[in-house]
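Note that chain A is present in both complexes that follow, paired respectively with chain B and with chain C.
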Partner chain A sequence: MGSVSAVEEARAGAGMSGTTPLVCWFEEVNKDSVALVGGKCSSLGELINAGVRVPPGFALTTHGYAQFMRDAGIQSEVNGLLEGLDHQDMDKLEEASRVIREMIESRPISIELEDLIAESYRKLSVRSCIPAVPVAVRSSATAEDLPGASFAGQQDTYLWIRGVDSVMHHVRRCISSLYTGRAIAYRMKMGFPHEQVAISVGIQKMANSLTAGVMFTIHPTNGDRSVIVIDSNFGFGESVVSGEVTPDHFVVNKVALDIMERTISTKTVCYTVDQREQKSVAMEVPFERQNVQSIIDDEITELAWMGKKIEQHYGRPMDIEWAIDKDLPAAANIFILQARPETYWSEKPKPPASAGAASAMEYIVSSLIAGKRLS
Partner chain B sequence: MIVRNWMKANPMVIDSDTLLSEAKRILTENNLHGLPVVDNGRLRGLITRANCLRAAHFALRTQNTDELNYFSGRLKVKDLMVRNPTTIDADDTMEHCLQVGQELGVAQLPVMDGDQVVGIISANEVFSLAAHFLGAWEKRSGVTLAPMELKPGMIGAITDIVESAGAEVQAIYPIGKPEDINPQEHHRKKVIVRFHCDNTQIVVKALEDAGYPVIESVQARH
Partner chain C sequence: MKFPVPHDVKAATIPGTEGWERMYPYQYQFVTDDPVRNQYERETFWFYDGLHYPEPLYPFDTIWDEAWFLALSQFNNRIFQVPPVRGVDHRMINGYVYISPVPVKDGAEIGSRVPNFMERAGYYYKNWDALEAKWKVKMEATIKELENLQISPLPDLEDISVVNDALGESKGYHLIKNYDDLINLGIKCWQYHFEFLNLGYAAYVFFMDFAQKLFPSIPLQRITQMISGIDVIMYKPDDELKELAKKAVALGVDSAVAGNRDWVAVKAAVEKLPKGGEWLAAFEKARYPWFNISTGTGWFHTDRSWNDTLDIPLSGIQTYIGKIKAGVSIDRPIEQVRAERDRITAEYRALITNEADLKQFDELLGCAKTVFPYVENHLFYVEHWFHSVFWNKMREVAAILKDHGMIKDIEDVWYLRRDEIKQALWDVVTAWATGVKPRGTYTWPPEIEWRKGVMEKFRQWSAPPAIGVAPEVIQEPFTIVLWGVTNKSLADWASVQEAGNPDTITELKGFAGSPGIVEGKARVCRSAQDIRDLQEGEILVAPTTSPSWAPAFAKIKACVTDVGGVMSHAAIVCREYGMPAVVGTGHSTKVIKTGMLLRVDGSSGAITITR
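And now, the complex of A and B:
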């Protein structure tokens, strides 16, 4: 009889009913959950709850991360390695980073934690109707340790991961990305203690993308808020995000959703899945497709419409990653993989539209032009 | 009725690194419903036939050769097994086991002795339990009496009536609905009587004359 209640306890501990969940589904979090699941996963939760089409997934929370570090018992060793290093000496930092990352990646995940992750992964597979569903494993940093755009590019993302063993391995690699040379240097410079930072890992169903890319609901080069700008390439979005190719470029009117400008580039490389090996590979775009528009016009319109909705939900210009799945029918195949507030233009102070407020009338006119938010 | 005496002892177990196709073969060839997954003597999960078949269906439905190859050549037991499955203790009662199965809707329960898997309870064992109870191979005759409030002495009285009608009582089972089980209250139960006799009609008549309405009767044919 004891065993049944033990199982129930384990279940209670695994779900959200526990005060500190080690693993949780994206739909259980929202944009206020950054401390629990990091920026990336919390924004995915926010999008799902706002009704946006996002591939399902779950996160190893920062508590899960802390549990892993406690089980591994390496925090003091890690601190020892970083003791007395200079944050400007990148060679030494990189060396320390390599040793630490190897150490983290060689530690086994405890059976309890593995069971929690693997059980969520199994449920995700059942939901997705594919045994051992291919997933993207991404690190999701909490705000205070790796802030802003400067670090976004160097957090780890692993695509098309299949099978429990592989998921576990890449979860560890994402955890260890907390100790890249640059992250260590940044924390030393800012004076954050290493043992207080935490990371979360998102495990999300992989969209088998035919086309993917990014979308800004603001013009990234001139800050024009009346347009939506879409960049696209064949395959996974990573080729666009990393800037490896010159993507197709579209400018869409935000009100009428017309395509105002289109630039079709020669796209030489795309990331896609090698079906036989079941892993993500970079491959050359077939010659006959290199100069073909990688996304059809209807999808651009649909995508821009989704971008507009997301902007409305957040109330500010957004930087969005998207993908179009090749296995699903039109109208159900566009997925949002990530949405974060655009930081460059929206944080720039706006020059006043009408300068000066010498008289009361001028003041009224200038505030009419600038507009005022009442709520 | 202790689980230890009813379970299938020393069940086949499987390692979590085994290919799923191998697990599926073992399940099919041995006509099993579930296999406990044991690594280094520790129970890690349970792989069920239903989950195997569902996964096979998912893979087939993609109509993709590479997906089928992945299914048959790469997918492992650990990718599909249920982690932390519900278990029961070898010293639990069978009543407890049935209750757990009913409440959680599971039909495969690994049986633990300490931290060792010593057996399994699955549909086969539950069938065997029911068959023993009803003496399925004895071919008994029987009647079912309309729901009544059981009071002390009533079962004895019913036995006397049936036996004086020339039958040989084998078993009496009062049956209530699970939702109104409350030991504090009297509640109405049907009473099922199983006996050996050549003419059930005589027994039925005797019971009805004594004020026990019969709602069902079975005459065994040998």
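And now, the complex of A and C:
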């Protein structure tokens, strides 16, 4: 574990130099920074500034992206390759995509940009208390993750990336993901000019999850806003997100933060990292742990507290991914990985519970008449 | 859900109790000779009122059941006209009371009752505080009348003043008249009991109902928390004990006060101290009216008051002296409770998105807060203060019956119906006037012996929780909020019936009364006398608790009860003290034994027993 001063020193001067930073820390951005660092990174910055703990990281900004494209000098060549293509002709689009992506991934990053990224990565390793910290490198699109306009999954994410060279390589791959066949087709269909889109790349410490899962700040089955529902399993959250296991299930009162319901399931599978292959792998949960609660009560309470803060910050029910990191000490190890607005209940029109009763008296009378239905 | 036919249950008479019906009013019987009444009884849903009557009723104690049979029903049906429900009907099997709300089945009739209810109930809701102030005056006057009522023995020769003042009446006549007055005061007191209660519960239950519509998962205890921190006189007796403890320490008499479990010994020791007189005067002052508090629910003659058993309040004072000596605050954290109430209310309010709902929430919450003090305070006036005095007046009547050889022991009087006592008193006064022996001296003692045997057999009998045909909808507000009749409770009742060997049960479920989780040793206290055995940090397991149990809560770290909902005494007090409670578990005092290790989860209502 590094000292506090080392962390402070590492954080200082990441690169908010001038008005057009090429690289910046997540905590330096907020929800108004979508144009600079894309939706994903700006929402991480927003969370940090709301007091929510997320794994630390930094972004190559859209200026950094523009700088890269200028240095590479390929924009007109790219436009030429796409000219006259039909957005419904996926074969031709995929072929053009392959050529463009190879082109982007083979161009060197300028010394200036490479120095900025490498220095930030070194500082991130110091902050994470791990040399050459494994990171997630993911694209952060400027039109992604917006409420009602979600086309997530269109850009790339690379996990368990270690070392400066590998980070550089995957930053380029993320940039090139702007030119997947589907992304090209979408822009053509919507009439967005290719040279006007921009992308940012987030580089974030991998949460080395002991336990992970999802959390809703609304009851997913009845729309009750007074509860927080948490699903958890050992290892990474993908076993929970994919529905591969029946996770442990907790219902927490949002106001009092006490656990109202707990269901401990038999959890047969969990995901852990294969460092060599740089990917997560499924493994069987040891028999003696299968029926053990995968998250302790204090962590449930803290998570729910975080969920409540996130909801208050965004002013609406949220759908949150979280993890408990085994690299970091207790009390500093619960991380929020992602938070997006809950859409199902939030967009469903809800009839008023007062059902037209104008006064307490009218409500009492109409309720008396309705009575309580048995069976 | 299928429940037994009432007449089949009744027909299986316990051997040796044949003829038990004469111990209770005739209209309480399920009948087979009247085909119309029989048909009605068969098609009706009856549930056992275990909330009020954990034991079979003594013939005399049936008085309060008759009193509320009349009072609840008349206010529902004849005074306020609750639209969909008339009154609550009553029956008895083997001394256990079964009740049933009577619905208005015709939709048009329900509609025609609505304007009356709106006008009449509306008037009470609108003028609640002013009418409640009137109520207090009426109630206190009634209690005063009761306290002043003279039950005088019959003299061999009337006092000379009867002649000199030309009174023209005898002590015999007074006995008959004052017995009637005593009974009538009791019935009147129960009239007042229900004047506000139906409406109070309706306001309360529909605020809960509305909150649950807004937040389907909201625990009832959170809703009740929004109405907590309101000063009610239910806390007053306990506050008096705390004051007496503080005064004992301040006057330096605390060692003497804490020196013995027996009040007579303590009193003798305190009297000898220089400032002992001052403390004893304060003690006497606190007794009236605040020690007129029953050690049970007050519904039964067996529930003696603090004034009857001064060892019990003494034990409470001793507990508080111990706390003061240990430097622990004994004041209820009322400011904290209020701050938490306001925080919780504000947070739930902030989650309401619809304007109309927000307005309705505020109105209903306001209404619930208005009615809350009455819903709590009436208990002190009626069940505690009035009843405590009443039972002792009845003992004075019994003493006269005993003097004249009608009963062998004062406590035998409870085996007679109140109208039988009236007859017996007539027998006594006519024989006294005439100078002969009352007929009842021969007939009552053996009848009472037989009734004692019957009651003993009734106690061994386990009353089915429900009989008859379950309805689809229940509209009577008491049935819902007080007895908690829901699908779930019906199913639970059915399962309690089937519960196997109590020595193998490791899990019990009840209502989540007050949040939190603790583990600890159980202490089963069946009555307020037993709370003297409580050790610091134990978990109290009780049939139910009442205000006179308050000092127990200063020692324990959780509470479990057999009977009661989230509005029961145990739940309210635990929330105020911030300790877990699981209430209404049905049979925990039968399953749990003192010394067992328990885990009490007041947030989910689960109790785990480590065997």
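In the analysis below, the second predicted complex is superposed on the first by the 239 of 375 C-alpha atoms of A that agree within 3 Å, B and C clash if a C-alpha of one lies under 4 Å from a C-alpha of the other, contacts with A are read in each partner's own complex, and residues count from 1 in each chain.
Methods note: a contact is a pair of C-beta atoms (placed from the backbone, for glycine too) under 8 Å apart; a residue touches a chain by one contact, two chains touch by 3 or more.
Computed from a predicted structure; not experimentally measured.
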- Message: Once chain A of both complexes is superposed, is A:85 in touch with chain B (first), chain C (second), both, or neither?
- Response: neither
- Task: Look at A:164 in the shared chain and tell me whether it touches chain B only, chain C only, both, or neither; answer first, second, both or neither.
- Result: first
- In the superposed arrangement, which partner chain does A:278 touch: chain B (first), chain C (second), both, or neither? first
- Query: Once the shared chain is lined up, is A:364 touching chain B (first), chain C (second), both, or neither of them?
  - Reply: second
- Item | First (chain B), second (chain C), both or neither touched by A:253 | second
- Message: I'd like to know which partner A:99 touches here: chain B for first, chain C for second, both or neither.
- Response: neither
- Message: Let me test your reading of the model: by the given contact rule, A:226 touches which partner, first (chain B), second (chain C), both or neither?
- Response: second
- In the overlay, answer first, second, both or neither for which of chain B and chain C A:52 touches. neither
- Message: Contact-wise, after the overlay, does A:188 reach chain B, chain C, both or neither (first, second, both, neither)?
- Response: neither
- Task: Please tell me which partner, chain B or chain C, touches more residues of chain A.
- Result: C
- Task: Please write out, lowest number first, the residues of chain A touched by both chain B and chain C across the two complexes.
- Result: none
- Message: Considering only the defined contacts, which chain A positions touch chain B in the complex?
- Response: 1-4, 7, 10-11, 111, 115-116, 118-119, 122, 125-126, 129-132, 162-165, 275-276, 278
- Spell out the part of chain A that touches chain C in their complex, as residue ranges. 219, 222, 224-227, 251, 253-256, 258-262, 350, 352-354, 357, 359-361, 363-365, 367-375
- Message: Please output the residues of chain C touching chain A within their complex, sorted ascending.
- Response: 1, 82-85, 110, 114, 117-118, 121-122, 125, 202-203, 206, 209-210, 213-219, 222, 344, 347-348, 351, 353-354, 356-357, 359-360, 363-364, 366-367, 470-475, 477, 480, 485-487, 490, 515-516, 603-604
- Note on the structure: Contacts from chain B onto chain A in the complex sit at residues 20, 42, 44, 54-55, 58-59, 61-62, 64, 66-67, 69-71, 74-76, 78-89, 92, 96, 100, 112
